[in-house]
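For clarity, chains are labelled A, B, C and D in written order, and residue numbers in each chain start from 1.
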Amino acid sequence: MLTILYFASVKEKAGCGEETVRLPAAVTDVMGLVAWLRQRGGGPAAALTDLAAVRVAVNQEYARLDHPLTGDEEVAFFPPVTGGAP
Amino acid sequence: MIRVQRETFDVGAEIASLCAGDTAAGGVCVFLGRVREFAHGAALQAMTLEHYPGMTERQLEALDAEAQRRWLLEKTLIIHRYGRLLPGEAIVLVVTAAAHREAAFDACRFLIDCLKTTAPFWKAEETAAGSRWVDARAADDAAALSWQDGAAAGGS
Amino acid sequence: MIRVQRETFDVGAEIASLCAGDTAAGGVCVFLGRVREFAHGAALQAMTLEHYPGMTERQLEALDAEAQRRWLLEKTLIIHRYGRLLPGEAIVLVVTAAAHREAAFDACRFLIDCLKTTAPFWKAEETAAGSRWVDARAADDAAALSWQDGAAAGGS
Amino acid sequence: MLTILYFASVKEKAGCGEETVRLPAAVTDVMGLVAWLRQRGGGPAAALTDLAAVRVAVNQEYARLDHPLTGDEEVAFFPPVTGGAP
């Protein structure tokens, strides 16, 4: 099973912070997952409309859209980070 | 050493404990980040920091290791808070101790510059107008980028 | 604010007192200089700092004013000790607080770089071989020079 | 009266930390004072042999060798400073 996490403004748009899905066999990378979530509709589809404002991590490491997925990863979508101090 | 915590920290106690018994670190550089009351024009009532538990620790550990690889450091410490913070409260502490001040300064600035663009924290600011997520600063990306080619000093 | 004193200081208390009630300073940069045990090969037993009373205060005040002129700073503090110090003891503390971290880092580094080449302090190191005056470091002159043309960042 | 201060290694060579002198009328600047002290001999003359290793302050401000003197200043001679931290 694949765990999907959403954080901050992406979480607000997605309407949930975490979901677990069985990855369709046709989905083999992050871009495929995004396409599938967009097609599925709802909050997550809206949250992933503008990918320019979304960062991706796979298993808690930053990842690109062509990062391969086997179906048992932890994938996180979130906006550019704003921690630290002024 | 890194720590991610909700509760505040005692800056003096952290520095003292890090340096206790050390007679090799001639230069200690500290950066303390605090919540400002007037962040973007409106008076801030509070700030809430959300983070990605697990990934945050990994990213801070990786930055710490990278700083130790780049500079000869005696000690390092990164503490980052999350949760709801009030104006004047401490957000983040970075301490670097080295034989000479140059390494301490460079490593401290490297850590805070890169932390700001890689550690998964997000700030929401509460004002009279409500709560809104803070956008990432282009200047922060530029500061972090300036370290990519092994540059010795951070962005201007 | 500047202070020249024989007694030690409490780093945490100094930072806390400088920042107390301040909600404008988002970034606080601190440099703490300490006595190292192995300074030039031989084990140091103690270090004695002689200074020029009167001129020291004038030079530190002038540096402080110059930093305030160059950067938008909320608070500054320079404390420098004199007298006999043991390995691990604090020598000097520089604290700069600004809205953003860039100004805090730059001003802090400017102050310690320029202090080292203009404030009239002289170190004598005591080792098993006796006491000897420490020579000025060429690297310190270079670091101070790097600030002369209004450069934004110190030497490497 | 002119107050002359010596510090650190310069003080050790001079053999004293402070002296008060009446400036000869012929001495009108720091270089003239140095020349007069060298001619006078003793510890201060030895301390001022190699001026490359000596810094000068007049009335607690760094000064050059051509800095004018009227005879009631505080003049300090000392080695390059070594304060701060490593």
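The rule is simple: a residue touches a chain if its C-beta (ideal position, glycine included) is under 8 Å from a C-beta of that chain, and two chains touch if they have at least 3 such contacts.
The structure presented is a predicted model; accordingly, all values stated were derived computationally and were not measured.
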For chain B and chain C, which third chains touch each of them? A, D
Using mean CA coordinates as chain centres, what's the gap between chain A and chain C in Å? 48
Quick one: chain C and chain D, Cα centre-to-centre, how many Å? 26
Expressed in whole Å, how far the mean CA point of chain A lies from that of chain D is 72
Quick check: what residues of chain C touch more than one other chain, meaning two or more? 26-27, 31-34, 36, 39, 99, 101, 112
Chain A: which residues touch two or more other chains? 84-86
Line, ring, star, complete or other: which describes how these chains touch one another? other
Chain pairs that touch, as defined at the top of this document: A-B, A-C, B-C, B-D, C-D
Under the touch definition given earlier, write down the residues of chain B that touch chain D in their complex. 26-27, 99-101
Chain C-facing residues of chain A, complex: 84-86
Taking the touch rule as given, give the residues of chain B at its contact with chain C in the complex, in rising order. 10-13, 15-16, 19, 21-39, 87-88, 99, 101-102, 104-106, 108-109, 112, 139, 143, 152-156
Chain C residues within the chain D interface of the complex: 31-34, 36, 39, 49-52, 54-55, 58, 80, 91-92, 112, 115-124, 133-137, 140
Within the complex, which stretch of chain A touches chain B? 5, 7-9, 12, 57, 60-62, 76, 78-86
